[in-house]
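Order of writing sets the chain letters: A, B and C. Residues in each chain are counted from 1.
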Amino acid sequence: MTEYHEDSIRNPSRRSGGRSRTVRRPRRPPAFIAIPAAIGLALFALPVLGLLGRAPWRRLATLLGSDLAQEALRLSAISSVGAAIISLLLGVPVAWMLCRYDFPGRSLVRGLVLLPMVLPPVVGGAALLFALGRRGLVGSPLYEATGLVLPFSTGGVILAGVFVAMPLMVLTVEGGLRSLDHRFERAAETLGAGRWTVLRRVTIPMIAPSIVAGIALTWSRALGEFGATLTFAGNLQGRTQTLPLAVFVALESDRDTALALSLVMVIVSLAVLVALRDRWWRSR
Amino acid sequence: MAILLIAPCARAGAPDPDHVELLVATAASLTDAFRDIEKAFEDAHPGIDVVLNLGGSSLLREQILARAPVDAFAPADVAIMEEVRAAGLVSGTARVFARNTMAIAVPAGNPGGVTGLDDLARPELLVGLCAETVPCGRFTRQVLLMAGVAAQPDTEEPNVRALLTKIEQGELDTGIVYATDVRVANGVAAIPIPEEYNVTTDYPIAIMSATSHPEAAAAFVTYVLSDEGRTVLDRHGFHLP
Amino acid sequence: MSAGLDSRLVMQRDGFRLDVALGIDPGETVALLGPNGAGKTTVVGALAGLVPLDQGHIRLGNRVLEDADAGILVGPAERRIGVMFQDGVLFPHLSALENVAFGLRSRRMPRREARRRAAGWLEAVDLGPLSGRRPGRLSGGQRQRVALARALITEPSMLLLDEPFSALDVSSRAGLRRLLQDHLAGFQGPRLLITHDPTEAFLLADRLIVLENGSVVQEGSADQIRLRPASPYAADLAGVNLVVGTASGRILTVGNHRLVVHRHHPSPGHLHPSRSAWRQPAKLMANQDRADRSPCRSGPSPNR
């Protein structure tokens, strides 16, 4: 038994010659994979198809030209990009801390960072109100000192987006940092590079794919954010009414506009995610 | 896993004659009154389990128009019931069981110093209104139009309870809600709207033609219209027809 | 100008203790040999300033790079110690030219000048035409040449070569070794070659140090180690067998066995009272009660 085993390890060619079945690449997946996979895919594809089927294609331009649609598009563009930028500026250092430094309570901090991903966004919005609202823990002294009110402002929309989307940045960048061989940074140091140069010329370029992925994911997550935005920032056309909120409101009054806006979101998000996927495949 | 997924469907598909689950789509402003009615009704009808689907009336309308399996519907606006009826989804006739009026709500202590409708146009105040798509928002705009006030809202909330919560938390200085809402919320004070500008709203209720429990649905509607139902509604500040 | 290395490296990590006194003269190449886990790479890290010392010091001439007692610690960027890392560790996102220019750019040399010099170095390691390629499109030998150029271009005071040949096939090794010999000849500072391959050590180094379990077990020329390996590992390195016993004339007593040293042994008079070794295992003859062919460890021999 042992002899046969050793022999087959030493002579893999013999094994493959004798038992071609194990070596041949399967042509089609077995039913117990294919059927649940097909059902799973249908769960993703059918709602999109439903949307495409009901979309008012001919009136699309007119519908998207309305004030409600235009303002929602503009606001969503601003707030999702803003949320992605802030997530980048704050999320990368958070990922850095979590990955590179050992400090007490690190696992608690990591849990805290990931919490918004599993929390219902409405709860997140309420929590933001308790913290940063005019009567909130931090919001109250802030208001007393500066008169600044975050809820019901575009800044509040961006903040809600950051809250729900930044975990994705932290996760992807931390993954990138974790898989980065630290010898590259050490090699740079021995070549005379200071910490800032190492960061700028070695670490950041080498984890760039993760950062790009993080930006795309946070951006699309912020673009689709609804619950936390509505709860924390409210709903006002031109100030806080982003695409998802406009869709929600329009669904009850102007279904075609709602469908047109939904279509925009589906197409844009899909384009970003597909492009991202391609990038990943190429770089690996 | 498959069993878990199928289980809820199986329960709905095989009705137990001794146990009926009644889905009642209920306007958000009726939340507290209908919770009390639900409890009293279930005590009187042990075989029937009332499930309230609470939300903005127009959202509920969309769900019903999309053929949600609703047994009875109680929106905050007869116009909404009319749309559902026009789609052929109402069984029998709709009957008005309660009336309401609008009121200005302010957080405890009235930090904005609000005294009347005119204050809703003050730009320095944080003002919330119901979105125009929900009945509360439509009535609010009628009130403002009659009073000739150009309100400057900072948010248009998709249902009245969301608006009320933000006033209650002090995040908003004022807003217009149903008179009944101010009674239930802690930490919210009402400032009455002069009668000449106020509106009276009607709450209709009807059995949905999609119901699979017509008797139970009829029993619930009857209960809402009965003296027991009226007592509860009265206690919550609704006017009675 | 050039200064020698004077160091004592003491580090304690998870039950492993490194304690090495290491001195290298200017222009001298020392090979540090040892099995996996002996602490060779830790020595590189300590000298380069990547891992702090627990005790000891590192001095290059009169420059104190590190002194644990005095609390002096010069960072790796300021040590001016060139390191050629195992597997090269070239930056994968930079071209060969940019990799070589990296050290000059880090020291704020203007881009054009840095690139011009880097191109010159790539020519010097016979890689001129490939300067635009990224490491992923270079062979293992080409990558190591880039790594050598990258380490030398900054004109370091000392050069550390960490297993420069380990990832290469035999034919690339010879080429890189010749290149290394050429460039080491022109380098004035101390050089430390980390390797586990005795051939490279014998060919490139002036002096060998054998490291095991964090301490030096033997130090000397290749011949010294060949003739008197201080440990089984050192004997393996030289391709000889180490037999530990008591010598008397040509008779070596090992436990119950008595061994007769063959007359072809080059220096039978050098039999150490307790340690001896023979180059040719096949010529070892056993003279004893039982006719055991060889009671010795048989190690890898270059002749085999």
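In this section, contacts are C-beta pairs under 8 Å (C-beta built on N, C-alpha and C of every residue); 3 or more make two chains touch, one makes a residue touch a chain.
This structure is a prediction, so every number in the text was calculated from the model and none was measured.
Taking the mean of each chain's C-alpha atoms as its centre, the chain lying closest to the overall protein C-alpha centroid is A. In terms of the distance between Cα centroids, chain B is separated most widely from C. Chain centres here are Cα averages; for chain B and chain C they lie 83 Å apart.
In this assembly, the C-alpha centroid of chain A lies 36 Å from the C-alpha centroid of chain B. Note on chain placement: the centre of chain A and the centre of chain C lie 48 Å apart, centres being C-alpha means. In chain B, no residue reaches two or more other chains under the touch definition. Taken together, the chain B residues at the contact with chain A in this complex read 56, 58-59, 61-62, 126, 128, 131-134, 153-158, 162, 166, 169-172. On the side of chain A, the complex with chain C involves touching residues 181, 183-184, 186-194, 197, 201-202, 205-206, 208.
Residue ranges on chain A touching chain B, taken from their complex, read 129, 133-135, 149, 151-152, 230-231, 233-237, 239-241, 248-249, 251-253.
On chain C, the positions that touch chain A within their shared complex are 45, 48-50, 75-83, 85, 89, 91-93, 102-103, 105-107, 150-151, 154.
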